[in-house]
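Next come the structures, one after another.
Presented sequentially are two complexes of chain A, the first with chain B as partner and the second with chain C.
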Partner chain A sequence: MRKGDRLKEKIIKKEQIGKWLEKLGKDYEIWAPVKKNGLVSFYPIQSAKEIYFDFLNSKKTPKDLFFPQSEVLLSFPKEEVGKEVKTILQKPRIIFAIRPCDAKSLALLDQVFDSEDYQDPYYVERREGILLVGLACTHPQQSCFCTSVGGGPFEKAHLDLVMADLGDGKYFVEALTQLGEGLMQRDDSLQDVQEKDREKLAKTKEEAEEKVKSKLVTKGLEKKLDKIFDSPLWDRVHQRCLGCGICTYLCSTCHCFALLDEKDKARVKRIRNWDSCMFPEFTVEASGHNPRISNRERMRQRVMHKFNYFVERYGETACVGCGRCIQSCPVNIDIREIIEEIRNE
Partner chain B sequence: MQESEKELREVAKKLLLEKKVDLIIGYEEGTLPLRTRPIFIREADETKKLVWNFRCENNLCFYLKMAKERVGIVAKGCDIRSIIGLIKERQIKRENIFIIGVPCSGIIDRKKIEDILEGRELLEGIESDSQIILKGEGLEEKVDKDKLVHASCKSCKYRNPVLYDTLIGKEVSQGEGEEYSDVEEFASKSDNERWAYFNDEASRCIRCYACRNVCPACYCPQCFVDQSLPTWFGRTLHPSDTLIFHIIRTLHIAGRCVDCGACSRVCPMNIELRMLNKKAEKDVKELYHYEAGISLEELPPMATFKMDDPQEFIK
Partner chain C sequence: MNDLYHPRSVVIKKTVIENEARDIKTFELVFLDQEEREKFEFSCGQFAMLSVAGAGESPIGIASSPLDDEYLHFTVKRYPTGVVTTALHSLEEGSEIGVRGPYGNFYPLKAMEDKNIVIVGGGFAFTTLRSTIRYLLHDKNRSRFKDITVLYGARTPGELIYKSELKQWEERDDVNMYVTVDRGEEDWKGRVGLVPNILSEVAPSSENSIALVCGPPIMLKYTMPPLLDLGFSPERIITSLERRMSCGIGKCGRCNIGSKYICKDGPVFTYKELRELPEAAV
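For the complex of A and B:
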């Protein structure tokens, strides 16, 4: 390890985090996991005391901080047609304690909203103003399968800074970008890393990786899907589906939306709302015809988009293995089983 | 419990072998601890997968709404009340449904388990007749089943099916009966307090519509909230959009809701709007002396007119 690398690593005690965040809070709006009504989600915080550090993962993904579920894109008085109102972040933001799987999902969304062909100004503006401070996942759940889709509980990709709970009241902190380094340097009370901390980190990482028990083979899945578009498999896997939007709205990579214009007495608004391929209206054409007539076609679309179309277009699977769809499906539809079935078909 | 499961499998197998039904809809074990899930069985051999226990939380009537065959359905007291509603409203034909009634002393509410877990992961759940052992990393807790029973089941007085073609197992003791003290207490609060409560609940809504989709009383081919020509309601997350959806749904199912609790169990955001539905149920009961899903003959109050119906609203 080079000397410069070591400077990018520090140790912070749990009780020091509050002070550190206080310093960062002067220039950044900090969003972190907070437990409200029994659910953990990302909220802006004033103090580290509000943070729920022991969360498995948040119920909702942090994607709505970049791509809100409902956003006014344009709004103008009826008389002033064409005047654009853009949302601008008041302050740069930090998403504190984002899980590696959710960070990976942002990298996937970047390909959609910030590509060479197309830049979504609303997404891009937020993305550029937000720093990602990751919290390595020491408690992967039974439903997690990040290691099968190119991730891992201690994966550092796409983060500015990563922290790992060493379990002894200390966190290992590593800066991964210049901006991340800047965040670390804000607090000079962070301590140097000792060899035993490094050993602890390696051990914690190994233990976490062992906890990811679900192993799926996703390699070549896209080719298999090419061949089974009309397979009776789809008759089987959709049977239980209620056709609700839980799996899509809690998914960290789903990104479909619908535009709607609204007007009241004074103003006209163009609003972008999330939409779900599991809803019948998603594909209703102007004639009234609906090419995806039942849950069979809709569920096939969801699987195809994640494991075939996205792979074809961007070279990666649009699933990060966070397991939220498995955990929250009211009828226990399990994407791991569906992948297995596809492979065995 | 195990005996009734055995009986259930035998009954289902016989129904398929004798070709009395084409399809059995019931429950099987799921892929996560303590979870069961709907299963669709067409082959007699598959009936060994059927389970029946106090974890069978789904109201399977959703699947009757689209069934075109003769279906045998495993149904709890509340599910049967939903079936009666669907027959009365001519959504399904009685002769196409074979009701395998299961007396039910209440199913468990997974949200209560989550409260006990306090963020820890449940790795295993072991059940006995009256207790559940919750196991996780550094966790082993014995909990009485009674403490985990869903709110709707606690007060249920139709734990034994009111209509069935065959009954599995023995009848059970009924619940405490309607209890509207919580509704009355809530109704006595100020407008502002009530408004704040509903706004707070609706503010978590992500518009996944799981509550509507799972509801046996919600079967409109197109829901008012999905119509876009014209768009009746906004699609944003503002409570003026989300709350109006929930309030209108309550009004649409007033006098039809059987308080099966499926809407609150499927909600991923822990939204608790049962209070609204209970209030509607109470009003219908007081005004029209009617309870939904009890008899096939009694006409639904919203579809009939009687000279002695309360008419105080006509001034």
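For the complex of A and C:
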């Protein structure tokens, strides 16, 4: 370890976090996991007291901070096209306690929305200057499989700063970017790291990684998928599927959307809503023709897009192993089982 | 903030009902701001999103030639279940609508120079081919291309679109025109026969030739074998795909086939590329 690196690591006591965030709150809007009505999601907070630190992961992904489930893109008085109404945020944001898997998903979404040819202005404007403060996963769940898709409970990629709960009332804090370092330096009461903290961190990390029980072999999966487009496997894996779309709505990498108009007496709004490849209407054309006629084709599209098409286009799997689709599927469809079936096909 | 999703305002200057069923209409659109027309640089085969405020947007191929620099043409078929196409058809001349684009790739006009061009179209999917024919036959361009053969068919004589133009082209001696219908009518004196069959009869040479084919999926399916038989290699057969679209710029995921987005990587594909796509219609 280089000498400078130690300066980028600090220890913060749990009771100090409130003070630290208070300082950060002067310049940033802080979004953190908050439990409301039994569900954990990211909300803007005024005080660290609102944060629910013991969350496993949020029910919904934080992607909607950049790509809201519904947003007005344009609004115009009737029959007057092209008048812009600006709706984007003013103050820079920190997403506090984002999980490593969700941070990775944002990097994947960046490739789609902030591509070389067309930059989606709404996404890019929200994303610019956003700081990601990660919270390592010390309690991965049964449905987690991040380590099978290139991630890990203590993965640092795409974060500005990462924190890990050492279990003794202390958090290990590591700055990963200059901006992250800036956040750390806002509070001079953060303590220096002791050797035993470092040992504790290594042990906590190892234990967390062991808790990720699912070990899928995803190497070569995209090549395999190339060959089984017409396999009878697709007749089987969709059978239980209700086509409810929850897997895509809660997915941290799904990004399909629909543009549509809403109007009332005064004005017309062009709205962007999340959409889902699991819905029949997703591909149905004005003529009535639908190139994906059943759940079979739609399920295949979802799997192929994540594990084959996206890999071919962007070089990475469009799945971060967060397991939300597994937890929330009403008929217990498990993407891990589908991957296994594909491998055995 | 850039204005990626913002339509430009255009006025419907003229409409032409193209067919007997009166559900195919060509809209002549003029930009409110002529500067916007100059910025709207497109090539044959591209499309744009047309929008009617309150109804939404729809992807429509550009039917005018890039050299028609004062207006844009879009030929739109109205479907009973199509919200935007129905709204468009209900508009009077003088109404204002939105145009966003141009989007997608285009026919390989550069690679087509010094070659014989075979254009095969069917039904109302003739729109971007019409753009191309207008472009190729323009005084500025005609000499850069060798023989031009156009084969166009519709189900009935009443369903042929761009009738007056078809007539003009038939009168020219620098284009071989073949117009056919699946079913003739009493006063129809032209050809009767399906496009693939007429293609085999006409048998244009594949020597130094490129074929552009656009039509309903069923026509495409049966047009490929005769083209291959005539000696056109799959990379010399160019076609255009359609899918439901929303953004037009490769983000909304709707028109995804394999790793391609029809709106951005297409709509123009060679038959070779098409055969490599997993879900393709042909």
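Here is the rule we use: the second predicted complex is superposed on the first by the 342 of 345 C-alpha atoms of A that agree within 3 Å, B and C clash if a C-alpha of one lies under 4 Å from a C-alpha of the other, contacts with A are read in each partner's own complex, and residues count from 1 in each chain.
In the analysis below, contacts are C-beta pairs under 8 Å (C-beta built on N, C-alpha and C of every residue); 3 or more make two chains touch, one makes a residue touch a chain.
Values in this document were obtained by computation on a predicted structure and should not be read as measured data.
Colleague: Report for A:Y52: first if it touches chain B alone, second if chain C alone, otherwise both or neither.
Modeller: first
Colleague: Between chain B (first) and chain C (second), which, if any, makes contact with A:A202: first, second, both or neither?
Modeller: Neither partner.
Colleague: After the superposition on A, what does A:F257 contact: first (chain B), second (chain C), both or neither?
Modeller: Second partner only, chain C.
Colleague: Between chain B (first) and chain C (second), which does A:T283 come into contact with in this model arrangement: first, second, both, or neither?
Modeller: After superposition on chain A, A:T283 lies in contact with chain C alone.
Colleague: Answer with first, second, both or neither: which of chain B and chain C does A:N332 touch in the superposed model?
Modeller: A:N332 sits against chain B, while chain C stays out of touch.
Colleague: In the superposed arrangement, does A:I293 touch chain B (first), chain C (second), both or neither?
Modeller: Touch partners of A:I293: none, neither chain B nor chain C.
Colleague: Same chain A residues contacting chain B and chain C, which ones?
Modeller: Touching chain B in the first complex and chain C in the second, residues 258, 260 of chain A appear in both lists.
Colleague: Looking at the complex, which residues from chain B come into contact with chain A?
Modeller: Against chain A, chain B makes touches at 30-33, 35-38, 40, 58, 62, 111, 114-115, 119-121, 123, 137, 204, 206-210, 213-214, 222, 226, 228, 231, 234-238, 265-266, 268-270.
Colleague: Which of the residues in chain A come into contact with chain B in the complex?
Modeller: 35, 37-40, 52, 54-56, 59-60, 69-70, 139, 141-143, 239-240, 242-246, 249-250, 258, 260, 262, 271, 273, 276, 279-281, 326-328, 330-334, 336-337
Colleague: Considering the complex alone, what residue numbers of chain A touch chain C?
Modeller: Residues 73-74, 76, 78-82, 84, 86, 88, 112-113, 115, 117-121, 125, 229, 255-261, 263, 268, 270, 275, 277, 282-288, 291-292, 297, 301, 304-305, 308-310, 312-313 of chain A touch chain C in their complex.
Colleague: Residue numbers of chain C touching chain A in their complex, please.
Modeller: 1-9, 51, 53-58, 77, 79, 81-82, 84-85, 95-98, 242-244, 246-247, 249-254, 256, 258-259, 264, 278-279, 281
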